[in-house]
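Just below sit the structures, each encoded as structure tokens.
Common to both upcoming complexes is subunit A, partnered first by subunit B, then by subunit C.
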Partner chain A sequence: MGAAKSVATLPDTVNKALEVENLTVTLPPDAERRLAVDDVSFSVARNEILCLLGESGSGKSIIALAIMGLLPRPVVNVRSGRIGLNGQDLLALSPRRMRQMRGQQVSMVFQEPMTALNPLLPVGDQISEVLRTHTKLRKKERRDRVLTLMDDMQLPDCERLYAAYPHQLSGGQQQRVMIASALALEPALLIADEPTTALDVTTQARILSLIRKVCVDYNAAVLLITHDVGVAAEVGDRVAVLRYGRVVESGPTRSVLESPAQDYTRMLMASVPRFQPRTGNQPHHYRLLIEARDISKTYVGRSLSAKGRQVQALRDASLQVYEGEIVGLVGESGCGKSTLARIIANLEQSDHGEIRFRGEETKALIARDNRAFRKGLQIVFQDPYRSLNPRRSIGQSIVEGPLNMGVSSQEAWEGARAILEDVGIDARAVTRFPHEFSGGQRQRICIARALAMQPALLIADEIVSALDVSVQAQILNFLREIRDRSDLGVLFVTHDLRVAAEICSRIAVMRSGEIVEMQETQSLFESPQQDYTRSLLNAVPGKALLEGTAIELVDQTDRPASCAKAD
Partner chain B sequence: MAFAVFAARRLASMIWVMLFVALFVFSLLYLAPGDAATVIAGEDTSPEDVERIRKGLGLDQPFHQQFLIWLGNILQGDFGISIFSNIPVLELIGQRLDPTISLTLTTIIFSTLVAVPFGVIAAWRSGSLIDRSLMLFSAICFAMPAFVLGYCLILLLSLQLDLFPVQGFVPISDGIGPFLLAITLPTLMLGTVYIVLIARITRATVMDVLNEDYIRTARSRGLSEREVLIRHALPNAAVPIVTVIGLGFALIIGGVVITETVFNIPGIGRLTVDAINKRDYPLIQGIIILTSAVYVIINTIIDILYVYIDPRIRL
Partner chain C sequence: MRRGSSRMNSSYWMGAVLLGAVLVPSLLAPWLSSADPLLIEPFSRFAQPGPEHLFGADALGRDVFSRTLYGGQTSLVVGAVVTLVTVALGATIGATSGFFRPLDAVVMRIMDGLMAIPGLLLAIALAATFGNSLMTVVVAIATPEVPRVVRLVRSLVLSLREELYVMAAVAVATPRPVIIKRHIVPNALPALVVLATYICAAAILTEATLGFLGVGVPPEYPSWGNMIAEARISFQVAPWLILFPSLFLTITVLGVNLLGDGLRDSLDPKLAEKI
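On to the complex of A and B.
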């Protein structure tokens, strides 16, 4: 790349494309806080990516919608401030003028590409829609332009894909279609709201590099909203850290993330799983708890036409969990990891293979003593908002299992209080209901519910995926604690290698229903045997930066209860 | 190609349903109290004569044989002869078909054209005056018996304002003007409930759809609200709306009795009532089989429409 080129593509820091000044957005009176966004200022130049980094509820998406003029009014309103786009104040525009700006001068890419595309329209038509709305191009010209755009987004076989419906595309392809539609008229500003959060890690890496590329190719200012420090580190030129609707600190990505000036940023950085296996995860017992041997499972799709489609979800998958260890089961979406977990829990039946629980074949064990098996094995699911019955107090949810096992009522309630204290929730809260708790607290309640059964094996299916990093760090700490003081074995199912590296002694990597590699965490990271594992490791965003800062931050991760009380 | 296979499969399943209906209808008659032979023979006949008539009708045969004979006749278009008028059932029904079909079609078309835009706008501006008036209107219409509405319409629009004829039916072959004039009031009476039903379903589904992410995407592209509604919201809300319109067809055949009575229209509804009152079993059978066939055909059309509306519904 020549010197002239790099000069030409440097961010134009003098003439900012987007300037947000003292933006304040109000929430309805019954909301948690009064202001969604409180006196926020930042700017983005063309050819520049600014990352708005914040946890849930920080107001980052509200800022995006305010710029787009798509706030859910009259519930949420801009109270004061200025949003300048190429010198024009967007807040002063009439709704009609603002509508003309959308898609043309400012456009947006959303988190969930599957739901962001209309399921009933071919994707080509959806991209073309922007051109139809804002230009006088003829049908043929629009089609040609769309095909060029799709090609620019590195979509394969564009002619055929043009007529395809969203559900026929992969998640990554869907997001490329969204980006193509957002860039169709070369807008001054592209807002990407968590554009890779719903995608697999390898897809995420490709989409991030595409955003990086189009930012320059299309001479656009990019405002990228994310909760993921890794993503910010990977693509952000600059970063602004948001909390409770305020900018905590901002500046060039490296300096903010490597030497944060504010406590909150430091806490956030400390919560991020390091990209290095932690020590001290080795099992302290060596008794085999559960063993899955050569598990295969094929699903036969039922359709109205006679031939069902066959999907082989699992192929001869084997793994073992010992007492007192946490085993990671890692893979991308659809690789079969949850199916394997469900089969181990006997929630589904395998076609072939066997499962032994403490040496005894589970089918025989269940036939002999179903309760012993159920009690010995508990599951916690991904979404804490949906896995607790909203009409039962959390105490009722927790005692249900023990009561079914014949524990006396008094004992069960005492146990529930004790276990709540264990997971860091006030025992007096037993009579409260799930909606009164935050996501992180609910997940702890779910774990408490599972542990109340005093299981030997806990299956944790993506239990931290829906949580903010700071909350995630607390849950991981907590799991480590239980493991260290008991014989509990945990099968930890996750899509995130970073999280697995934090707590697992061994990791099984799955792909297309097969376990391609199973190794001790340390050696998996140091010398992965399979190309697929290597590509997973390489795809982790912000790897370079996080590896660089690992050592200085490790101590803070272990800070005890002080931040556990925060959520 | 895949579509043809799918359609053929649907048609095959239609045949099964119709067979089941035929069996049911036949059992109805078979199990019905009273003996057709005794009825036909009249009061003062010897038991030997009754037995002869019974043999002549094939009523001494076992159930399944009787059923097969009966089914064979129906497949050849022989639905039997009305006991009371001595006219073939098919001919009787044929005479009454035109008014009922006309009324059903005008009602469905009219209600759909009024209800869908009404529902979409109510959903788009939920809580607005138009939305609240829809809700009020629907409460009133559901609460008011259809015949009361019918007589109110006659009183106001026919007797007071003299805009429409009070009663009667004019076939479309006698000119579109007189046809429309005569069918307007019955359509209004019969249609009101469907307007409310379709509008409320439209409102509810469009409101759900408007919360979807792709609606936000459409707005982020700068589309006008009209385009957002027509191009993105309505097609995605179409499946439940089409279902309700289809159900409407089925329900109308029940509702048509009252309307035909109020407006003195010689349609299937009144034929049905007469047939039941007189226990004219062959006629009742014929009507049940034909109306079920209509239901089944409409259902199949709706199923095929689903696939057309939503590419995710697999063939």
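On to the complex of A and C.
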């Protein structure tokens, strides 16, 4: 890859495919800010990948839609600027002409391939559709062209896949089909909006290298939109960092990410989990908190046919968490990690296996004293939007547990205020409702609710996956702090090895319901015992860049302030 | 958000005003109208609307203004009673079915059976067996409506108990009855209230249909349905007779439906967020 990259980064200034000049896009008057995109300029040459890197709300997707001519007008409008594609100003084109340009000259790949594909049509026909609309090729020729395209996308067994329906393909294959249909007419510009965000890390790595490859093979300019610094580092020839609709900094990927000139970029880079186990994560106590032994679980699907489909979610999974340590449970989607977390929290039942909490079998403990078990073990879920009852104030949600434990009302509310301050939310907000908070704030409220119980063990089920990287860094810092000042044990469920490396002392790697490997973080990274672990480690995007550099941390004290705004 | 709430308010208030325009005069009928709705005055047959008879008089010389107002009482009573009975029964059965899974299959098959009964035929059968009464009307209208409520409440319970905030409540040891009261009912209520308004509107319409077919409330009591049926015969002589009860019926049903839409928009936070 290194070689391919150095060839592709040759500046092809003569042949700028896309030139965006002083683009300004307005938002409706009641929006948070006036301009979605504020005086943004950049260009992409053929054979080049430009990454638009930004957190949520930075305006990166609006730019993509503006180029495609798909802005939700009249709510969002281009006020001024120029979007040149091969010298033609896209903003000056008639809607009809723009329709022809889409597909022929510009095409787009979206985040969720499943929702972008028509579930009722074979995927081959969907790619063929583009050719039928825009070319005069005959049926046979179209089919041959589609098969070539699918082959170029490294799809296996193209003849068979041609007739397959979207649901029969894996997420990665679906995204390959999307890219195939986007490239069918060999457009000058391919826009990829978070093309790998919904995919597993190993699939992501393969799709990114495919995008790299087709960029050269099809002589296309690629505009790749991402929130993930790792992805930008992996495929971007150049990168433009966006914030509040402005380009903060742009330039060759390496120089921008390795030696950022702007504070925001530095903050962003400092927030990115290093792909290196951190020191200081070793547990300082050695009392066993929870022990799960040989947990198995099979789901039996109910269907119209007599025999239901069986899915074995967990196979003899075992793990332990000690006081004062954070244990990572890492695996790709559908591997059973959340099921295991919920079974440990007794929110789901296992088929067999045993769980002991502080040495006592949990079933027996619950039968004897449910409240003692619940007080000792708390869980926080991935989706902060669904974790809080929309009809109850956040204070009511936080005091619910302590009140159940028999704490007096006054004490519980005082505790709620204190814990809110602890997680960085103004205590006066206790009477406010969940919809008044951002996703990151809600997640902190959920953590506050769990911590208000003063648990011994916290199960964190993908708690930072839905959050921007700067918010993610705050929450990880906070967890680390709590662990250090109490004996809290944490079971940290995540799909992201980078995040796990940041805070976990030990990591359990899970695949298809089995824990394939469990090691101290340091030794897992240095000498993974399983091929699967190795492939996970290798797939982490931007690994080379993130490993190779130690970015100077900005002064820690000014971080929360600057992050709070981005939140 | 602001735009959304004002739109919600307009439909909500419009509905409330229309419904109030019918509800208040109907309730105040004894004071608003001096005429006895049952009094037959042969000399006033087909009297035109005027100071004597505000809406005119029908084929038997009965005062149409008074009959329309009293007819409104019948409609509104039927609407209210049917709604209360249906929602109370349906919510109980639906919640039971959602919470106690073993019962679910049996209960839902019974509901499927109930849904297959045509309301009109049931009303005719009941009227034939027990004679016309308010009771037969309510039973006939409520029976096929109950399963609709059951289905809604059951599906609400099934989805709400999987909500993460319900799981979070389980995880802080909140007892089950409290979870139902605190987390499930308040989040299920909006949808139920909205369905209730639609059932109310449907019940008022069905009551009128039954009255029109002669299997509604006893024929001597005024109801918009039987008034329309009687007026149909003399339509060519006195077209205004059919106008007033129809107009009131339309306004009532429109009002209830608008109120339902307004409530839906204001009570459903997800919808409100989207607008």
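Following the convention adopted for this analysis, the second predicted complex is superposed on the first by the 540 of 567 C-alpha atoms of A that agree within 3 Å, B and C clash if a C-alpha of one lies under 4 Å from a C-alpha of the other, contacts with A are read in each partner's own complex, and residues count from 1 in each chain.
Operating definition for what follows: contacts are C-beta pairs under 8 Å (C-beta built on N, C-alpha and C of every residue); 3 or more make two chains touch, one makes a residue touch a chain.
Please read these numbers as outputs of a predicted model, since none were measured by experiment.
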{"item": "First (subunit B), second (subunit C), both or neither touched by A:S387", "value": "second"}
{"item": "Subunit B versus subunit C as contact partner of A:R102, first or second or both or neither", "value": "first"}
{"item": "Touching partner for A:I425 - first (subunit B), second (subunit C), both, neither", "value": "neither"}
{"item": "Touching partner for A:R371 - first (subunit B), second (subunit C), both, neither", "value": "second"}
{"item": "Touched partner set for A:A416, first subunit B, second subunit C, both or neither", "value": "neither"}
{"item": "Which of subunit B and subunit C A:M453 touches, first, second, both or neither", "value": "second"}
{"item": "Shared contact residues on subunit A - subunit B and subunit C", "value": "none"}
{"item": "Complex contacts: residues of subunit A adjacent to subunit B", "value": "68, 70, 99-104, 107-108, 110, 112, 115-121, 129-130, 133-134, 165, 167, 178, 181-182, 303-305"}
{"item": "For the subunit C and subunit A complex, residues of the former touching the latter", "value": "1-3, 163-165, 167-175, 182-183, 186-187, 269, 273"}
{"item": "Sites on subunit B touched by subunit A in the complex", "value": "2, 5-6, 9, 212-214, 216-224, 227, 231-232, 235-236, 309-312, 314-315"}
{"item": "List of subunit A residues in touch with subunit C within their complex", "value": "30, 345, 347, 370-371, 373-375, 377-379, 381, 383, 386-392, 397, 400-401, 404-405, 435, 446, 449-450, 453"}
